[in-house]
Each structure stands twice: as structure tokens, then as C-alpha cells.
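Listed next: structures, encoded as C-alpha cells.
You will see two complexes here that share chain A, one where it goes with chain B and one where it goes with chain C.
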Partner chain A sequence: MGPDAQVTMTAPRLLHPGAWWLWAVALAACALRTTNPVLLCLIIAVAGWVVVSRRADVPWSRSFASFLRLGMIVIVVRVVFQIFFGVRVPGTTLFTIPEVTLPGWAAGVSLGGPVTIESLMAAVYQGLRLAAVLACFGAATSLCSPYRMLRALPTVLYEAGVAVTIAFTFAPQAIVSSRQVREARRLRGRSDRGVRAWTASALPVLEGALDRAVALAASMDSRGYGRRGSSSTAVRRRSIGLVLLGLIAIAVGSYGLLDPGAPAIFRIPALALGAVALLGALIAGGKSTMRTRYRPDPWVAPEWIVSIAGLVAFGSFVIVGRMGSALSPSTNPLEVPAVPFIAVIGLLVGALPAWFAPHPPTLASASGPLVVAA
Partner chain B sequence: MIRFEHVTITYPEATTPTLVDVSFEVPEGELCLVVGVTGSGKSTLLRAVNGLVPRFSGGVLAGSVVIDGRTTSSVAPRDLADVVGVVGQDPAAGFVTDYVEDELAYAMENLGVAPDVMRRRVEDILDLLGLHELRHRPLASLSGGQQQRVAIGSVLTAGPRVLVLDEPTSALDPAAAEEVLAALTRLVHDLGITVLIAEHRLERVVQYADRIVMVPGDGRPVVVGTPAEVFGESVVAPPVVELGRLAGWSPLPLSVRDARRVAGPLRERLASIDTSAFSRSPKALGEVVAITDSLQASYGPVTALRGVDLEFRAGEVVALMGRNGAGKSTLLNHLVGLREPASGAVQVLGSQPHRLSARDVVRVAGLVPQDSGVLLYHDTVAAECSASDRDAGLAHGATRKVLDRIVPDIDPLTHPRDLSEGQRLGLALSIVLASEPPLLLLDEPTRGLDYGAKQRLVEVLAQLAGDGHAVVIATHDVEVVAAVADRCIVLAEGEVVADGPARDVVVHSPVFAPQVAKVLAPLALLTVHEVELALAAASDSSYS
Partner chain C sequence: MVRSGLAPFSGSNTPEWPRTVNHQPPSIATKGLRQMRVLQAMAAVFVGVVAVVSMLVGSASNANASSCSGPLADSEIRVVLVVDSSDLGGGASATCLVVPAGTTGSQLLARRGSELGTGSPRYGSSGLLCAIDGLPATGCGDRNAGGFEYWAYFNGSSGSWAYGNINPFTRRLSDGDIEGWRYVQGAGNGQDPPPRIGPSRSLFPALAPSLPELPALPAANSVTGSLSGASGAGTPTSTAPSGVDTTVDPITGAAPGASTSATSAVEPVVVADVALASSRSTQSTTGRWVGIAAVFGLIAVMAGGAWVQTRRSR
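This part shows the complex of A and B:
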């Protein structure tokens, strides 16, 4: 238990946050490459299974369910938009809603018209894809403490101090905050179920989460997070510029990699440029920031297994994508999606962390008498 | 070490400044206590020491704050981390890691301390604050007092010369508060660290203070001086000081020890008085409102309540006491149906609260939670009141009527966030009371309240009990228990260890006895007010 525990395959300890995030991002990348509903459901199932087997007993470990719920909402919204505003796709008409003729300047936007089963299925597939990505993100947030991720960040990002803190802790804080708001609603005699309860508590939840994130940022700042050290303003400006350039290039590059239709320059070249810029920033910033680690997180066998499992799953999707169109089943004409064998095997490898990642230490395994916050 | 020069702080969108022209200086190695009524700007003053105000809060700071020779306007809080350590009101909100050791090392990692030095300093701090047994524990599993000590340790490892603490003991039980204060005095005396501390419960800290900064909060200038000087005239004073004023002792005693040494004649004078005349307990109690029957509760593998059998009757004020984590809040949550019993049963007016819908449960039991602000989420007081009427299905204006009785004259257009702590509690209490639940529960209602606001709360609670509500307060505040409770229940590790008339339970306990009782023991007098009555009775009997 605790950071001092022996690093072995089986001893309970927290896995390196980088490993979990690499695994989750790889799964999310799989989801972004496909609209095959079978594979997407399988991705959600894999993420869920790993979360259930390896999450710690902490407040944010329950965030997975919230992300699933958010995914459901995304699908519903996507379908509703398709019904009212979607591009009309020919096919089997399910029902027709009255068409509104829009003025000339709004050409290209259609309102109403026949709703076909083909268009609905396409909308469901696309919504499902986004839901799967959300599930992967939810898995990462429930599996590793946002605090540990924050500490593992490279030093150059500290320049963005407060913003980074809020970005990383907002979702988990919102989970804590939403439980509090739900209880408060009940104490006021309001129902805690239903759509109205959801919308009415959205604002207080966001407010509460933001307040907590800012309080945390203040605490981190007053304990020296993001200290400048001895570097001059010019050096800092240069490293901030490099970080920005690197992040934008990587964002463009990953988009290009995920969207098969993007121009070639937006793929590997953009990624390479981003990597070089970030490396430059690391070297420029690394000289001036003087950060040390108390007990560095180890990166040993379980970390390798988890991250490679994610990469294998992604690799299998790349291979299947090269081989045919199984990743994007046709909705017009509508067909039963094929289930590519290689992708399924890849995803099953992606589920290996459920067995090979170490168990997180539990509250009960901590030494000494336990006191529960009342 | 710390110097405020004509500091005026105005928050954005505020019409008047929070602090006006504040100037004072704290020399090295002093323990300086910041006092003032709620909302007077104590927290603002503390957060200005390392520049969190205005850098994190927004607003404008005129004048200058000089710390160790550096002005905060030119140095960011992060660059002062090795000079000032700041511990906020809620230590858990500031934790950045998951384990005790990591939390202690965090500030040093940011400062770039070499790993071997880090190891050594973590060991030193673990010993200094008595945390060595907790080093591998997850922070989430610690009790309030332990968390507070870890939070202090986590800023101390950076080796600051100044420690700033905002209400470090307000959430702690009396024993845990002693633990934290003992650690602080050791830091001041052994290491010469300068400590600036804000605290409402003066009775806990005033005896350790070298200097007091009084923030009046109504535009008058701050008063700085030794405790005896400041409390000669201050409106906020701990019970022992008030007792000293009543008895005419000079110099004013600041600790129980000082008071007890001069209290001999007073005790003799009061010895003949029959104190049972002041006891509130034997009065007509109403019917049983709530029952718990071998109630068990657990969080995962941890049992929070073990077989609790209790009865609450209409018309009584019950104080629920015990360590942090003894199960007080858990018991309240069960009584209001937020949690389902693991085994055993809870009955409020014959129904099981967790089975009732939200709408029905507020008619039988109402809970004002620890942070009463969470109940409020509308833009104005008026909107809160009308929403409350709507939720409970009451006639328009019902909540406002209750509010006017508890805290009169609140501007209906005020944002709840701009209310003072006491007013906000009053608003939350009125919302809960609007549907007239026979069982009223309050979780730590006095946290953050000054003596005046506490006094008003005590009056309101006594009145509610008189109206036939059963009132249960979970609290660490022994002075409030002394002032209002008829009956006192002490919980430990989820079990009831004491249940009886408040006077009998608290008066001889070294932990729970209020200051007046400690000074006058073996006399069973609990508050200054009772002493006043007893003195009047004594002078009557000496004339007759």
C-alpha cells in the first residue's frame, strides 16, 4: 500500500497515470476510426469492464457512469437533430414531418421533410461513436486520480498553471459537486429524478465544481506550483511559444490521423513538427525549472502491459481499416454491419488491463484504525 | 515579518471595500490572532498575506503588503511558497495528492529540493506534527484533525518563516483542536515561526496569542494590541473573558488556568446557590417524534454506526457530540432519509424517511447541512423564498414569514452569497422550517459564526423547541451545547457512549466541559448568563 510498497505484479498500488491515459486515448482513437455499432459497443464494454475491475474506492471512480449517461444524451440529441434538421437521405421513409421552406440565405439548411430509417441509423452510429469516446475518457478519469496526472505533467505546461489544474480536476470535482447538489435538492423537498431535476441542478453543479477547482488551484499556487525559478522572461516566452506551437501541431496531426480524408500534410508532418516543438520547449524550459520528484512513479511490467494493450487495439483497427470497409458499414443501403475478426481480437487484447493491472490500494488495506469522514 | 501598509481591498462588483486602510505589523516569531465578527474581512486579510487576494479573487488592493521585505504586488504566490505557508479553511479542498507522504513532499518538489533533503525533511515534519503513524495512509481516510495537521505539514516542509491559518480548528472536535493548537504552539516556540491565525472560537486560541488584530468590519480602523488590551473593550470575547468582566477581575484572565487561580472567592460566594434552579431539562416533553432501533450504517468495509437505539421527543434540544468521524452526520443523514440503514430501522412519525419521496420527507424531518450554502442556489433571497414555497406547496410568502422571524430585515434582492454567514444560515434554516417538520436537524450550525450570531441562533433554537419541534444539533461547540441543549448524546466509533441531561454529561468531562464550568468546578454552572443569575440570587439571599 501507499507509495512505499514493493513494486511487483500483484501488490496493490496505483498504476502510472500515463499508462491509463495512453490506454484510454488508444481506445478512443479506435472509436474515432469506426462507425461500426458492434465494435463501438464492444469498446464501451471493454472500457467498462476494466473500470469495474480496477477502479479505486474514491469519489471520482464513480464518474464512469456519469460519462455513460452523457453518452446516451449525445445519441438522443444527435437523432433528434437528424429528424428535424438533418440532410434528407433517400430510402425507406418512416414518417414525414412538415417541411418548412427557408429563405434564400439559409439555403443548405433543411427543416422537416421525410425521415428515413437510413438517416436515423447513420445518426445513431455517429452518436454512438461520440458516446464511445466519452466512455474512454470516463474510464481514464475513474481509473486514475486526476491529481496524479497533474503531477506527472511535463514542467513546461506549468506556465498554464491554473488553467491546467482546472481542466484536469473539473470533471471529477463535478461528480462530487453533483452528489452534494442532489442531496441538497432532496433536503429542499425537490424530486431528485427526471429531466427537470437534471437541468435545474446543472448550474449549481458547474458552479460548485469550478469553485472547488479554483480553490485547488489557489492551494497549488501558494505551494509553489509553476514557480518560475531563475529563468528570464525571454526564456519563458520562448518556451510558452514552443509549447503552444507544439500543442496546436499535435492537435492538427492527431485530427489528420483520425480523419482518413484529411490532406497528407496534416498527418505525420504535423505530428512531427509538434513533437519537435514540444521537445524544444522541454529542453528550453527544463533548464530553468527546478523540479524534483519525491518518489517517482515506477514504469514497470504492468505499465507496459496496459499501454501496449491499448496500442495493440489501435493497431488492429488500423489494419482492419486498410483491409476494407468493415469499420464504416453502409447505412445507405442499410446493411447488417460485418464484424471484423482482427478488430475484435484487438479489443479483447485491450481488455487485458482488467487482469494484469495491479489492484488499487483500498481504504481497508491501509494500516491503522480507520476513521470515516462523517 | 508581515507588514500591511494602508491596505484597502475592494472586490469586483462590490460597492464598498472589504478592508479599509489596514496598517499593522507582525514581528518575527509571534503568534498573532485575527478576530472580528463574521464577514468582517478576516479571510480576505489572511489571503492577502501571500497575494492570493487579489490574484485569485479578483478585485483591487490599494496600499502594500510587505512580507519578508518583498511586496506581494510584484511577487506571485508561487514564488512566496518558501516564505509563507497558507492553510485554508477546508484542508481537504487544498489537497493535491492522495497520500500523506506525497502531500508533505509536494511543495518541496515544486521548489526543486534535492531528493535526499526531501526525505529528511518529510521525516522531520512527520515527527514534529506526530504524523509518523499515518505516513502511508490515503488522505481520504484521515479524520478532520489529522487532515488539518497534514495540511499544516504540507506547507511547513517548504520551510516557510510565516504560517497563515484560516480557522484551523473550526471543523474539529475539542480534542482534535487541542492537537492542532499544540502543534502550532510548538512551531512558534521551538522554531520561531511567525503564525497569523483567524479563529472564531476564541476560547480555544486566545491563551496562546501574543498579539491580536481586531477587524471590526464596519469601516472602523483595525485595533492591534495584546489580548488583554484588545479584549478590555472588544465585543467579541471568549466566555472566560466575559466571566472575568462580570466578576471584575483585573487583569482579565485569558485562560481557564488564569481564571481558576482568581476564582476562589467567586466560587465561595456561589457555593450556597442551588444550581438545579437553572437547569432547563425537567420540563414537559411532547410525544416521541423519531426512533432509531439498533441502527447500523456502513461505508464500504467501514461501519459508521453500530446498533444505535435512540428516541427524540417533541420540545427538546438534543446535542449530538463526539469526535470527527464518530457517526454524527451519518445519524442525521439517516434521520432525514438521505441514506438507507444497513440494518435496524429509523422511524420518524411512524414512517421510514428513506422510503418517503422528497416532497413528503421535508414535512416530517428537515436537515440544515454542515455547509448551509449548498441549500441555496437562486439569485436573490426573494427567489429562494418563493422557490421554497413552491417546493413545499405552501402559500406564497410562508418562507419569508419564517425568515423574518429568524433574521429580520434582509433585503429580498440580496444575492444569497452576499449574506453574512449568520444570515445565510438563517435563510437555509427558514427554507427547511417552512414546511414545519416536527424533527429539525442541524449539522455543525455554528461553524463560522461569531459570538453574536451564535447567541441569536441559540435563541431561535430555544424558541423552536418551545414551539414543539424536536431539535437535534450535531456540534463540537461546547459553549453552544451549554447554552441551549437539554439533553446530550455522545457518540464514539458509531456507538452511543453517553445519553443524558446536558448538564450531567458535559460538566465533568475534561473535553466537553465549557470554560465557565471548568473555572467554577465543582459548581455545575455552564454559562456566563447562569453565573449572572446565580450572583443575583446570591445577593438576594444575603440581603434577606
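This part shows the complex of A and C:
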């Protein structure tokens, strides 16, 4: 089967990981722009729906449920912190916990005091926002293979080879590791549920995941990933400096883009500076090394649909944010959150990958080059 | 140099480790089911919380209070609150309030809003004060070319305004305190301008029965304007807009010239705007509930569809 036969709209294949990540990051950016609980729940539902529709039968595809659980823990922790240390927002008092009077130099901090429904709702909204962001990243982790994502990374990031490998594969490796540890506990006749099982397996899980990620990075390094080849020291230093500058500028720029209150210079100018620096590094480094790619992932119509669906959702949130305050409903005074129609439509467009992305190939199907290669 | 260094990691969607871990065919379906249960549980919890909150909000109550010019009960204190929203077209006003001892700066602000009928102050989710009397209508401490636009907090108990690096949620008031808020555009430090009404003792009606002089007041603000008139125009639902004999209302209830002597009026236009805005928001509440119900219906459909999918793939 030639490469042309793979890239039809309907044939089972793995979508380009960059498309899934772009879609997930766009949804996460939507979540970061709003504290509207209705929209946040819809974002989580859309991410979950797409995951259930298009995940492959691989170990890391189970990570979505873990991310959802993590999100619920985040909400609970946020609420508990609000109750004990949060700002004493006035309003309808639910109950009062003993208050500790702090000295004058700690005037901005409160410990205990009346707990109002307004403060709790604000905490739930903020926790829900983080849970939605976690769900989006859980969706990306479930939907695409971390190894294929590494392959698709731009070559300038090879400079940070080991760090990038560990960063991208730690979460899926942790899922796999936790399954193995739980299985081992079951085989020994111990319970794999409850708090004790969790505390007993947390350390082996983290250690195993880190070991796997480091081993993967080492094996990739031994196969030439991240090597500079025969380039001179001066060229290498220049490109490393450019990569650092570019990454920092892009980090600042994406922060500015996600935080509507950030100064304008931290938005597009910072992103542009980062892009230019990375491009410079690419050119500087690309002169001395040439890389080939074995069976590259295609970027065709389904990839476009998935990534544009995410961007449309993000665009709808930007528009709604410009139009009014529907994205951040007031919690003091408490109001019923409005449901902005445009944002809901945008999120429904964001759910389109559930129909338009190709099905992943199943291990049971004997046809297809992907399975033969195994 | 030509490399094909990534070959071992490419082309295959099978994992690099033995697949025995993964050899549990039914678990995808059960996992999916569990996920959907988690989703459904989150939706159910949220709907429940919203229902409880709406009931609680509906049953907000009013407390009794004494008049600012009359005698104080035990554990009551008398505080003057100056609010200057001139930069937003709202004017400056001083209000004398009788509140329980231990009231915080933010509770005082909320109390003023309910007494004047101008609505509760709006806070951001971080606890930052965004709007007093509905001004500004949108935004919260936004930054632009001229610096931050925000409500600056001042304390005038010493006789001059001191920029307050204090948390209004934790600051406890004592008898005779003068609190000030001014909407400013500035760097967000002590250099920002104080309210245009000076923190004079004469703001307390009983301490100065005669009409006091207000220092540093711009001509645009009427010193002698009656607060009860403005509040009566703005709040048709107010229980006791005027009259000495009312038992509920402390500020507006006292005779003009006594308790309202030191009060400059909130401009009627602004008050009317605020009243309009609040009535609009109560009217659209039903529509909002319908929208929320529609979205959660959508989420339920998605959850049901996902459940069917996982069942089929079992």
C-alpha cells in the first residue's frame, strides 16, 4: 500500500499528532479565557466526546479518565484553600470557622473567618477552569502517541532533546506505569483501591515513569537524536542562544496572549520575536546538519479540519470576550451565568473532529502498513 | 550528514513494551463507562450546586439598623464612607452609616450599596473590587496607557487621606472611622489622588449639627444635595426612602439637614442607570436558566452518545 492510499479521508490511520495538539491547546486556551462554569463543562464534554470517538487501543489512551480525576481533585483543593486561607469576600455567610488575627505586616493574608457562598462559587469556577485545561491536555495525551509527537517536533527543539523527550512522554508513561504497578499489586493479592493502595504505589509509579522517560531519551540520544553533527562550536553556541531566546519569548508571548490583562507588548510582538529567533536557529543549525525522516506523517484534509475546528472555537471565545462580560460571570454579587450563543456554537465546531478525524487503526485488523511494521 | 535516526520510533502505533499489560479487552468499555459516569457526576454536582445557590441568593435578608444621628446601641459604631466616582461621571458622595462593631471595610461598602439602593459592589474572582454603584460597567482594574484604572482605597481617620495598603476584607472598622474610595487612573501606589471630599470630622452629622464646609470639593458636585431624594428616585423598591419615623433606614430616614447635611448627591442620571441595569439583569434570569438547561442537555446527549459508543466497542 503506497502513501497515497493511506491519506484518504476515511481510511483508518493515526492523525498527525500536531493536529491533535493544536486542537487541544486551542480548547485549553478557550478554557483559560473564561470562568463561566457552563462553558467549562461544555469544553470538558467536547474533549471527552472526541476522545471516546477517536482514541486508539493503546495504553496511553486511558489517560483521559485520570486527567478528569485529577481535575476533580484540583477543584476540591481549590475550595478547601478558599475556606481556610482565601480572601474574606463579603456576602451570604454559609458558616464561620475560627479566625486567627495576623500581625500588621501580614495584613493581606487571612486565616479562617466567615465562609461565604460567593467566595466558594468563585473558587469552584477557578478550579473548574483548571480542570477543563487538564481535560484538554488529557485529551491530547489520549489521542496521539507521544513518540509520533516527538518525531513531529521542529528540529530546533532537538537542542533540548532529553528535556523535551521527558516532558512529552512523562504523563503517558506515568499512566502505563500506574497500570503496571496496580496489576502487580493485584497479582500479589493486595487491593489496588483505596487510599493505602494509592500511597503505597505513588512512589513506584513516579519512579517508573521517570525511568521510562529517561530510558527513552537515552535510547533516542544513542540513535542520534539531538546531535549537532559536525558543526563548529561557534555555530552551535549561536543556535543554542537563539533557541533559548526564542523559547523564552514564545513563553512570554503565549502568557500575554492567554491573559487578557497583559500589556500589549507581551502579546504578538513577543511571539513574533520568538518565532524569528527560532527560525534563525533553524537556519543557523540547518546549514551544518541534514536530517531525513522515515515515513513522515502526512498533513492533509483531516488534519486541517481538526486544527481549524480548534481555532474556530478559540476565535469564538475571543469574539465573545470582546462583546461583553459573559465569559467571566460575576460571583460577587452572585449571578446566574449567561450562556453566550457564539461560544457554544464555537465549541460545537470544536467537537467536529469526533466525526471528521479518521478512525485509528485497530490492532485486530490485519491490513495496513502500520500494523505490519510492528 | 544523513541520518535516519528515528526509525525505531516511527511507523508503528504499537507500544515498545510487551503488550501483556494491555491485554484486557473489556476494560476499554468499562473505563469509558467510568469516564462517562465521572462526566455525568460532574454535571449533576454542578446543577445541584447552582440550584442551592439560587435558593440561597433568593432568600437574602435585611438587618435592622439605627440612625446615624440618633443614639447608638451597644456594639454599634458610626462610620463615614466617601465614594468618589467623578472620573466615571458618578460624582462624589459621603455617607454616614451605623454598623455593628467589627464590620470590615468591604462589608461597609456592601451595606452602603444596599442602603442607597445602588446595588452591591462588584468584585473580581480574585477579590479585587471592580465596581461601586455599577461603575464602571465592565472591566476590573484594567491596565492601559495611563496606568491602572481601579478603585483606590483610602483611610481618612487621621484627618487626611492615607492611601490604604490594607485588605478591605480584613480591615475592621472602629467608631469614628472615615473610609474613602476613589476611582483613579494611576500607578497603583500612594501617589494616586485621594477622594475629592476631605476626611473632615464634620462629615459626622451629630458632631456638627450645622451645615459644614467641605474642603477641596469641585464645583461640579453639589454639596447640599439631598441624599434621600437621589435614593428615592433610584430605588422604587426601597422600603423606607424618607421620613423620620421609619425604623429601618438609618441614613435616608433622618431629617434633611441633620444626617444628610454632609452628603452630596449621587447624580440622578447615574442612579437611574444603575436601577435600569439591575432590573434588566433580573428579567433575563429566566432566559439564562433556559440557556444553561439547553447546554447541559447537550452535555447529557454527548455523554449518552459516548456511552453507546463504548458499549458498541465492547
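By our rule, the second predicted complex is superposed on the first by the 352 of 374 C-alpha atoms of A that agree within 3 Å, B and C clash if a C-alpha of one lies under 4 Å from a C-alpha of the other, contacts with A are read in each partner's own complex, and residues count from 1 in each chain.
Everything that follows uses one rule, which is that a residue touches a chain if its C-beta (ideal position, glycine included) is under 8 Å from a C-beta of that chain, and two chains touch if they have at least 3 such contacts.
Remember, it's a predicted structure, so these values are computed and weren't measured experimentally.
Engineer: What is the contact status of A:145 with respect to chain B (first) and chain C (second): first, second, both, or neither?
Structural biologist: After superposition on chain A, A:145 lies in contact with both partners, chain B and chain C.
Engineer: Answer with first, second, both or neither: which of chain B and chain C does A:20 touch in the superposed model?
Structural biologist: Neither partner.
Engineer: Taking the superposition as given, does A:92 touch the first partner, chain B, the second, chain C, both, or neither?
Structural biologist: In the superposed model, A:92 contacts chain C only, not chain B.
Engineer: More residues of chain A are touched by which chain, chain B or chain C?
Structural biologist: After superposing on chain A, more of chain A is contacted by C.
Engineer: Does the superposition put A:203 against chain B (first), chain C (second), both, or neither?
Structural biologist: first
Engineer: Looking at the overlay, does A:294 come into contact with chain B only (first), chain C only (second), both, or neither?
Structural biologist: Both partners.
Engineer: A:52 contacts which: chain B (first), chain C (second), both, neither?
Structural biologist: second
Engineer: Figure out whether A:180 sits in contact with chain B (first) or chain C (second), or with both, or with neither.
Structural biologist: After superposition on chain A, A:180 lies in contact with both partners, chain B and chain C.
Engineer: Quick one: is A:317 in contact with chain B, with chain C, with both, or with neither? Answer first, second, both or neither.
Structural biologist: neither
Engineer: Does the superposition put A:337 against chain B (first), chain C (second), both, or neither?
Structural biologist: In the superposition, A:337 contacts chain C only.
Engineer: Determine where on chain A the residues touched by chain B overlap those touched by chain C, and list them.
Structural biologist: Chain A residues touching both partners: 14, 57-58, 145, 147-148, 150-151, 180, 183, 219-220, 223-225, 227, 229, 289-295, 361, 363, 370-371, 373-374.
Engineer: Contact residues on chain B for chain A in the complex?
Structural biologist: Result: residues 50, 52, 55-56, 76-82, 84-86, 88, 90, 93-99, 101-102, 105-115, 118-119, 122, 133-138, 140-144, 146, 154-155, 158, 299-302, 304, 323-330, 336-338, 357-359, 361-363, 366-367, 369, 374-375, 377, 387-388, 391-392, 431-432, 435 of chain B touch chain A.
Engineer: Quick check: in the complex, which residue numbers of chain C touch chain A?
Structural biologist: Checking each residue of chain C against chain A gives 1-17, 21-22, 28, 31-32, 34-36, 38-39, 42-43, 46, 49-50, 53-54, 56-57, 60, 104, 106-107, 109-110, 119-127, 138, 141-143, 165-167, 169-171, 281, 284-285, 288-289, 291-292, 294-296, 298-299, 302-303, 305-306, 309-310.
Engineer: With touch defined as at the start, can you tell me which chain A residues reach chain B in the complex?
Structural biologist: Residue positions touching the partner: 1-4, 14, 57-58, 145, 147-148, 150-151, 161, 180-181, 183-192, 203-204, 207-208, 212, 214-229, 289-295, 361-364, 366-368, 370-374.
Engineer: Can you list the residues on chain A that touch chain C in the complex?
Structural biologist: Answer in residue numbers: 14, 35, 37-39, 41-42, 44-46, 48-49, 52-53, 56-59, 62, 64-65, 68-69, 72, 86-92, 107-108, 110, 113, 117-118, 121-122, 124-126, 145, 147-148, 150-151, 176, 179-180, 183, 219-220, 223-225, 227, 229-230, 261, 263, 289-295, 324-325, 328, 330-339, 341, 344, 348, 351, 360-361, 363, 369-371, 373-374.
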